[in-house]
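Dropping the structure in here first, questions after.
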Amino acid sequence: MSDNFYDEVLIDHNLHPQHLHDLPGATCSHAGMNPSCGDEITLHLEMRGGIIADGSFTGIGCAISQASADIMLDLIIGRTPEEARKLAALFRKMIGGEITPEELEILEEAGALQNIARMPARVKCATLGWRTLEHLLETAD
Amino acid sequence: MSDNFYDEVLIDHNLHPQHLHDLPGATCSHAGMNPSCGDEITLHLEMRGGIIADGSFTGIGCAISQASADIMLDLIIGRTPEEARKLAALFRKMIGGEITPEELEILEEAGALQNIARMPARVKCATLGWRTLEHLLETAD
Amino acid sequence: MQQNWKADFPVFAQFPDMVYLDSAATSQKPAAVIAAEAAYYREANANPLRGLYDLSVRATDAYENAREAVRGFIGAASAREIVFTRNATESLNLIAYSWGRSELHSGDEILVAISEHHSNMLPWQSLARETGAALHYLECDSSGVYTEEALRAALTPNTKIFAIAQISNVFGRISAIADFARICHENGTLIVCDGAQSVPHIPVNVQALDVDFLAFSGHKMFAPMGIGVLYGKEALLRKMPPFLYGGEMIEYVTREGAEYAELPHKFEAGTVNVGGAVGLHAAIDYVNAVGFAEIVRREDALTAFAVQEMRQIPHVTIIGGDDPAAHHGIVTFAVDGVHPHDIAAIFDSDSIAIRAGHHCAQPLHQHIGVSSTARMSLAFYNDEQDVEKFVDTLKTVRRRMGFER
Amino acid sequence: MQQNWKADFPVFAQFPDMVYLDSAATSQKPAAVIAAEAAYYREANANPLRGLYDLSVRATDAYENAREAVRGFIGAASAREIVFTRNATESLNLIAYSWGRSELHSGDEILVAISEHHSNMLPWQSLARETGAALHYLECDSSGVYTEEALRAALTPNTKIFAIAQISNVFGRISAIADFARICHENGTLIVCDGAQSVPHIPVNVQALDVDFLAFSGHKMFAPMGIGVLYGKEALLRKMPPFLYGGEMIEYVTREGAEYAELPHKFEAGTVNVGGAVGLHAAIDYVNAVGFAEIVRREDALTAFAVQEMRQIPHVTIIGGDDPAAHHGIVTFAVDGVHPHDIAAIFDSDSIAIRAGHHCAQPLHQHIGVSSTARMSLAFYNDEQDVEKFVDTLKTVRRRMGFER
């Protein structure tokens, strides 16, 4: 793992997360956890008019899981559940090392996590927020 | 193990055992076995006037256990239980590799089994008759 | 028999005069396997699975790649179905403890083939004792044949599990596992296949056989000692409780209890044996490089040669019959008037390694009415000279024991 | 610190820039150990114990000599008290299954130290669930100290067994096992000592400690993976039923049941791991050649150096306190604001291997109120530069995570 794995993007999202707060107007919430490291994230979404109008997360975790959740929320707020699901699928594709350069563009800052597959123990951290999102969208349907 | 491990002494005692027969006048008998190879020997002794007046064995087993029992009976018939016990102790000493040349003399033909310690799996065969004897003398006391 | 496969096995260079005919007990190891394990300790050794650093990732990769190699080797659907154990014995005990103690009850029946190795019999005896289930034996004929009719007749509505080896370590005969599996499943019975003697010698595909469990040992298939495999169908393994408890097999632990890790880790408590798994991986690569076509061809030819010669020697009886095709590298025999232990000792004096005793199959020996036998067993690294030397010594056994002088 | 012990360990030549500080998870292997195992497979490999030929006798000797070496190493009275297992986890499970399932009943109590590794906790949880015995925990203070008073207070007339590690894998603190054993025995309670972290690092004598059972793993003491040890007092082992069932652990088998072999074979079912045992023997010889005087001196000096440096770094907290003498090669720590997984990743980017997580001691982490920590752990092959590099990186962690820029 190269020194700049924790690049500015990740460090910034970890230290100054935009979306780490309660969401009083949330229409649905779900708690996801990585039992083996004790990390836990609760994702809150406010669905309005068929789109994800707002979202936030609460909980504790490592920089990877926190930054990943924060970046995810940047990406999905303002999108439809369908679009969010597609982004989640793309994110998984990236972690699996099968993403094309064009697809990577779509993931914007989430691309900072592309090399996490090198650290199998951390993949669960990077995907925690996304897995929680998928679960939420599935059960919210 | 050299080819002549099965030397004339052992082969002869195995093929033509002097003491493999019932003993109608037996005053005590005991069955010893090597469960893991299924071998079994029953030792019969006729005690008279404080000495082992006669003895025999019945049962099945490998050449080592059969010959060893036959040789043992050659040695102990006519001796006192005390003398037989001493011979048994000497035999164990020989198998353990701690016998002196003088002591080896005393064991006469049983010395043919001296090298059995090289084959740990066979030690139990060589000692079957002797172990049965020790048990018999102990319980007969 | 052109190829000299012995050159791949350092032990034969060390003992050029030795004839090793005890491969069913344990196989010799090719240089490639010995080197692979050593290389792991020099280049990738760490505690895998939880590691957050480079070396630990290497160890994890080495371990999981080995699992994937095993999956491919036996044609399992998923690597989650491959549990690393110490040996076939532990694999079979794992089934009896975990599946058995949770699924079996008084009134249920366990069916075990009478020719089974103690490792595929004692765990079921113990399970029956503890659960109150009844233990029944499927009988074979004197040449080791189990028929479909006999199996059908032995199965009852209460038979929950049937345990049988694909190749018997005494007879060397192959049982029709795929047919037996079909019959068992029609009856709602699970089938446990002991592959200790088959996986190293013939291609085995768990999906084609449709067995529920398969157990085998690395050390009999050119891998190091201390590594074995349990294959189980995912749906079964998923439902089974853990067997050993400890590190690496949990998701979460509190004072009161624990949530267990996903398959296959749920069944791999404590620090795993990466070195052994790497050795097994190298052994699989080696077997694949030689190829089962070659392995089967050589072993069958050598077996046929041995049986043909042996049946011409007076006073020699082959256990399981004189048909060479019925023995797969395993020929168990008796010599009139000579105890098997003495037979083995005479072979040893000629530097030929064979085995004598009950071959961990005492109930079978009781069944066929002898207390012990002698056994020669082959691997593809044996050659015609080995069999010739074996036959030459066999011809002398009775004379050297004092008969016919 | 004159001697460069790293030269004995090939992995350090392979990765000259790596700083390995995860020896509590698994140790690296000296060339002598790797070579001994390879030599066994080249020169003595056979199935031991039942063999009737030369190679099998060599294998048997190699295996039993290894057992004798273990006996001497831990000062056991007899080699019959030494059972080879796969790892400490299996050793502990063996006690819980064999001794536990036959001796414990509803109403009995099991006492376990709260800082135990999952491998010395989950087997007891499972045993309690199955037998109806009650499981109680002995609590330590925040620096990991267990007092005699606390133990006395926790023992009741129903406490049948007490399980505790000699050195905790989180705190690195040594517990007064000999005193605890005396207190337990006065109460009629057995004591199980988890020696996974002590046997490799300090001289351990089971007769001096007077423990009833001792468990440890080869892989943490420079031996290969896949070999471990259970020591048990002979009188106890003799009474215990077998754990795994199969070949090699029986005297006699019938259709109905079996008579079991003598100690220690009763507990070693299936083909044993001779290669692993030979590796462990070589590791013991190696440790004896280095000498515990040297090992303890180096490890204590390096630990003291690390603790002294660490306690001067702002925002770093050492779990278990700042006293260097309380940590035996194991220093677990936290950095304010930085998650342990991120700490480990930063160390990895500087080629330093440390560990992060709950170190298989989640209940302890709940007890001390953190969900995970980072841990550096030493062996005598580490040197001052390793610790310096560790300290240098530790100083940069917060800055590299964006703090104090």
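Which chain is which? They are A, B, C and D, in the order written, and residues in each are numbered from 1.
One rule holds for everything that comes next: contacts are C-beta pairs under 8 Å (C-beta built on N, C-alpha and C of every residue); 3 or more make two chains touch, one makes a residue touch a chain.
Remember, it's a predicted structure, so these values are computed and weren't measured experimentally.
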- Item | Both-way neighbours, i.e. chains that touch chain D and touch chain C | A, B
- Note on the structure: Separation of the C-alpha centres, chain A versus chain B, in whole Å, is 81
- Query: What is the distance in Å between the mean C-alpha positions of chain B and chain C?
  - Reply: 39
- Item | chain B-chain D separation of Cα centroids, rounded to whole Å | 48
- Note on the structure: chain A residues touching 2+ other chains are 1, 36, 119, 121-122
- Note on the structure: So chain C residues touching two or more other chains come to 50-52, 54, 56, 250, 252, 341, 345, 348, 357, 362
- Message: How are the chains arranged in terms of who touches whom: line, ring, star, complete or other?
- Response: other
- Message: Give the list of chain D residues in touch with chain B in this complex.
- Response: 49-52, 54, 57, 60, 250-252, 259, 261
- Considering the complex alone, what residue numbers of chain D touch chain A? 338-342, 345-346, 348-350, 357-358, 362, 365, 371-372, 400-403
- Okay, in this complex, where on chain B does chain C touch? 1-3, 5-6, 11-12, 14-15, 36-39, 60-64, 119, 121-122, 125
- Message: Residue numbers of chain D touching chain C in their complex, please.
- Response: 10-11, 14-15, 18, 20, 22, 25-26, 28-29, 33-35, 37-38, 41-43, 45-47, 50-56, 86-90, 92-93, 96, 114, 117-123, 125-126, 129, 137, 217, 219-220, 224-227, 242, 244-248, 250, 252-258, 269-276, 341, 344-345, 347-348, 351-357, 360, 362-363, 366
- Message: With touch defined as at the start, can you tell me which chain A residues reach chain C in the complex?
- Response: 1, 35-36, 118-122
